[in-house]
């Protein structure tokens, strides 16, 4: 068994990591870290979890290195930055779910993470990206930085256009819609049920750092070849559910495209990928992609539509922000890191309706 | 007292019309029409309504003309088309809430309302538009066609840019987010609570007829002068609440603009308008515009934001789709039609939280 | 105009008081008090409210007595206790929405409000009770203590049985179901949308102080005559909506009763009361009482059902906890205090669906 | 592999059966039956399901007997009754999730299932009950009738009192609270999102057939010994979430009890049972039992509380109505039927928050 630890055990992503790791046949949970709730058992914090795990939350020290083969950091970016500095050379594998090491371009990092001091040496050692696109860089990767939840959906939605078809996109407008679990368990009045339920809260109407992260990555990957993105702008809204997000990407291509070719290109791009489901908008009785159809699972559902009236491409991508957008993707990356089949421990099907 | 009738009394917009008319000091409800639920009292259909109204649903005949001064049609477009043909010359004032007479351009009408036969003679007699923009055409208007719920928000959001500032917009992308009451009470599996709750349902991802309606109107109003809209495309989503919608409009101007000038232009454009509240995104502890802040009222909250990274304009407009998007706007238009102050009977403040 | 002040202006009940008072034809809002958010305008705190009120939150001092004829205290019980001590003899009318002065029996007060020191002299001067039951004590009452939200529903549901029919009830079991607005805006993890949405939270499974309050009141009113309540126990649950509550009262009568007589007794008991709607469970297409049918209004919907299998009486009572359970009832009581018709400013009909 | 078929594949319980069976290591899905949606693939009906199952919905005939070892009937009671008559002697194992064969006492069956003709011969061959209580009757059982969703929670909550402690209960009041998935996918206006969201719908205020079923079973099991239930009455409410239910059972014991002994008795009664979690109400930061803590899993969370003020016992039981209340319990029973470990294929942990 591969020994796994989770830091940030009392948060929502931490809770889902515990959930997934206790269902995993090859990982064994041996450490739970956190700065709050020290001494608490997981089931006290997350009443869904099994009561017999035999672990409690501990403060993190260097010694954790003796107790884990892989350490998942489900911590705020500044905490992740500090823990990575402490443990990067001590723990065989470190998987960071925060934004601390996502953006490579220095100016962009400073713009979007002004409170997280950049550590250039460390930053360059991290492998960044959704496993579907950087799979061959993950085996034996010591440091892994996972994309944000929106960034995962956005990248999986755009990559077949730019990296796959090599389409140049002049203008890309992203409208992100997320449930309340995206905000974690911080105590803010706007996240109270009484104020959030029924809301459409435009919490980031003129920009979101996950878009910056995606632009940074796609530009790097395109490497000057075809598949450029001109203007990429995003707005983000909190809507009235808990788990799951949808990114609506409205992309204007430099040259005409057609529906059939687009759909085929997506099928081809994701052929054999276990966690990306390319869907036809019309294939089900219920419109998809919709986050409710992936709830609790590691799937990302993607569809591509051509709007002939405006000659624009509409890409919809839905995922569970706590699974494919966080804990599940972390386990997926760790599976690849340790040479396990990618789906190990992640075969649970979505729970719907919920 | 002005005698008022409501056809479509068993539907959601019909119910809200009854609610508003029973609170109205100058209108008296004298007729309820419908093809289903004939004989039912309003409180049986809508358990919120007062139990003592003394009216029941009746089939509509020509004779209704003797019993009302104004007739509100909260009926599906084909029904409205037929009733208008029957009653247009018999009833002093007819206010249609459906799409039957909204689009003036024949090809557009046929594209978006293929099942509603166009009646050119009748269509041209209807005054169309949100009262804020066509106020001086409403007194003594015999036939009034009200914009769709999305169209109201979209028009109120865009008009200060195009009709006010005369800005030419090259590309306009609209992302509409609506609660489930927008779908009425038709029995469709996708509108069951079990399937709709928690969903982000992309039900019209590549186009919505309300956008066609707005393009038709704004083009006509601009009349070839400045304030053109190049490409206008819309996608619409059902999200997990009941009442209220938000339109997010992402507009790319032909020339640079700045935040302060935009906000001032909106304040100026809507100065003295009782039902449009121009809001600063940062003025409240809770992000606005948000439909929850206008629930149950006739307000439309609007804000304009400049995104310097992409040189785009973000316009947010929120309204209660059953009030400012339907019944309230109908009463507002009827107030103007009969020379009453615009706010008469519409002074209720939004109910929040709900 | 009667000058009115609201203390606790930043809370949910405070917000609804401002909403109702700005719609009221006879009250004029002249003071907003609070200990937090001093200097903020109401529309910053409650984005639904009108932006032009010309008032901001101020700290409360004795001087408020010069500026108001009636002061509403929408404050926590300890704060209300202190403010009442300060202002009881200075302000013409004080209406307290908290629990500070609800329970008359000393031992019960100490049991359920251990942190609110009892002030016997002051306590006895307060008129307690729902206006429907203590109407003739309200004109000229200087000090009014309003029942809790659950207590209002529970009392209105039980009174026709005990005070009306004089039924002796051996066992009464109350199951209360409330939305999240009942918890106010305190920052507790359990009230975050992510944890509260979809929950059925048994937050008070073995007793609730509102039941104690009702027992105290009904016992006092019955005054040893028929209409006794043997065991009265309550459990309370938070369910997944925002505004409104339902009390389900399961009462076992000492002697047999029948459905028709019960319903008639309720109709008789509430005849002419504008805010209590006695409903037949079967009269609408939608089961009632249901809080959604009274949302935003001052109605309490009540129904009584006889369950022949168990010879028990089921009483259902639904109200909007922020209106009939708080702000609306406060205005109703103040109307009576100042000799106005009870419905003044409270004629808004429920907003449904929402 | 054991070949499994599901009839009623387009419904909610059918969908969850497919979900669980495709995750199950020992069952292989070989047949999908239904009368509607014939020819549809599962992923068209349930967009969460895997797209590659290679099965489509078929009409059910006798020939299904050649293709399955076990057939799950997730069909309405009248359909189940007919299919059982057709297939009882042909299929090795038949697991019925409907109410057709739940009630043994003829008068009770006729009272609560008037439209389902009773088949005494067949009825007596069915093993009824939650697996936790009838485990030793399941191996080799040819016909299994599963309890209703409420009945499962109610029985698991009451059994330790009556069958375990042998307590006589004079009065038992049950208040059941369920999400909208309990109503299936039938098209009823009251189940539309617009009308159901935010509701507390008293849909069965004076009785529910699941309580009759439980009374029938517990009386039979007590077999005249201690552990009697005097009056057992139930009321049921639809609240504003989708998946999961809570039964609140208020039981008045004939003799005094105390908290500690009650809790211990529950721990003892369910010792070693993998799917019943006895919880202390105070053990978590979030009140439990709450259906959100068991969502998507086969757990039933139970707690017992003594209310000293009224000398009553409060039992709370929460489960996922589609899993432990339907599909999961069906798989659990089938596991036992075929000699597999009870947990096989059911080890998924609850998804929370959702």
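Letters A, B, C and D name the chains as they come in the text, with residue numbers starting at 1 for each one.
Criterion: contacts are C-beta pairs under 8 Å (C-beta built on N, C-alpha and C of every residue); 3 or more make two chains touch, one makes a residue touch a chain.
What you see is a predicted model; the values in this text were computed from it and never measured.
Colleague: Which one of the chains is farthest from chain B, going by Cα centres?
Modeller: So the farthest one, by centre of C-alpha atoms, is D.
Colleague: Of the pairs B-D and A-D, which shows more C-beta pairs in contact?
Modeller: A-D
Colleague: On a C-alpha centroid basis, what's the spacing between chain A and chain B, in Å?
Modeller: Once rounded, the distance between the two centres reads 38 Å.
Colleague: With centres defined as the mean C-alpha position, give me the chain B-chain D separation in Å.
Modeller: Between these chains, centre-to-centre, one finds 46 Å.
Colleague: Rounded to the nearest whole Å, what is the centre-to-centre distance of chain A and chain D, using the mean of the C-alpha atoms as each centre?
Modeller: Inter-chain centre distance comes to 36 Å.
Colleague: Please set out, as single numbers or ranges, the residues of chain A touching at least two other chains.
Modeller: Those would be 12, 179, 181, 189, 194-195, 197-198, 240-243, 285-286, 288, 290, 292, 295, 353-354.
Colleague: Quick check: in the complex, which residue numbers of chain B touch chain C?
Modeller: 12, 15, 19, 22-23, 43-51, 181, 242-243, 277, 279, 283-286, 288, 290, 292-297, 347-354
Colleague: Please name which positions on chain B make contact with chain A in the complex.
Modeller: Contact set of chain B toward chain A: 171, 173, 175, 177, 179, 189-190, 194-195, 197-203, 205-207, 231-233, 235, 237, 239-246, 248, 250, 252, 281, 285-292, 295, 305-312, 314, 316, 318, 353-354.
Colleague: How about chain B: which of its residues touch chain D in the complex?
Modeller: Per the touch definition, chain B meets chain D at residues 12, 179-181, 183-185, 187-189, 191-198, 240-242, 354.
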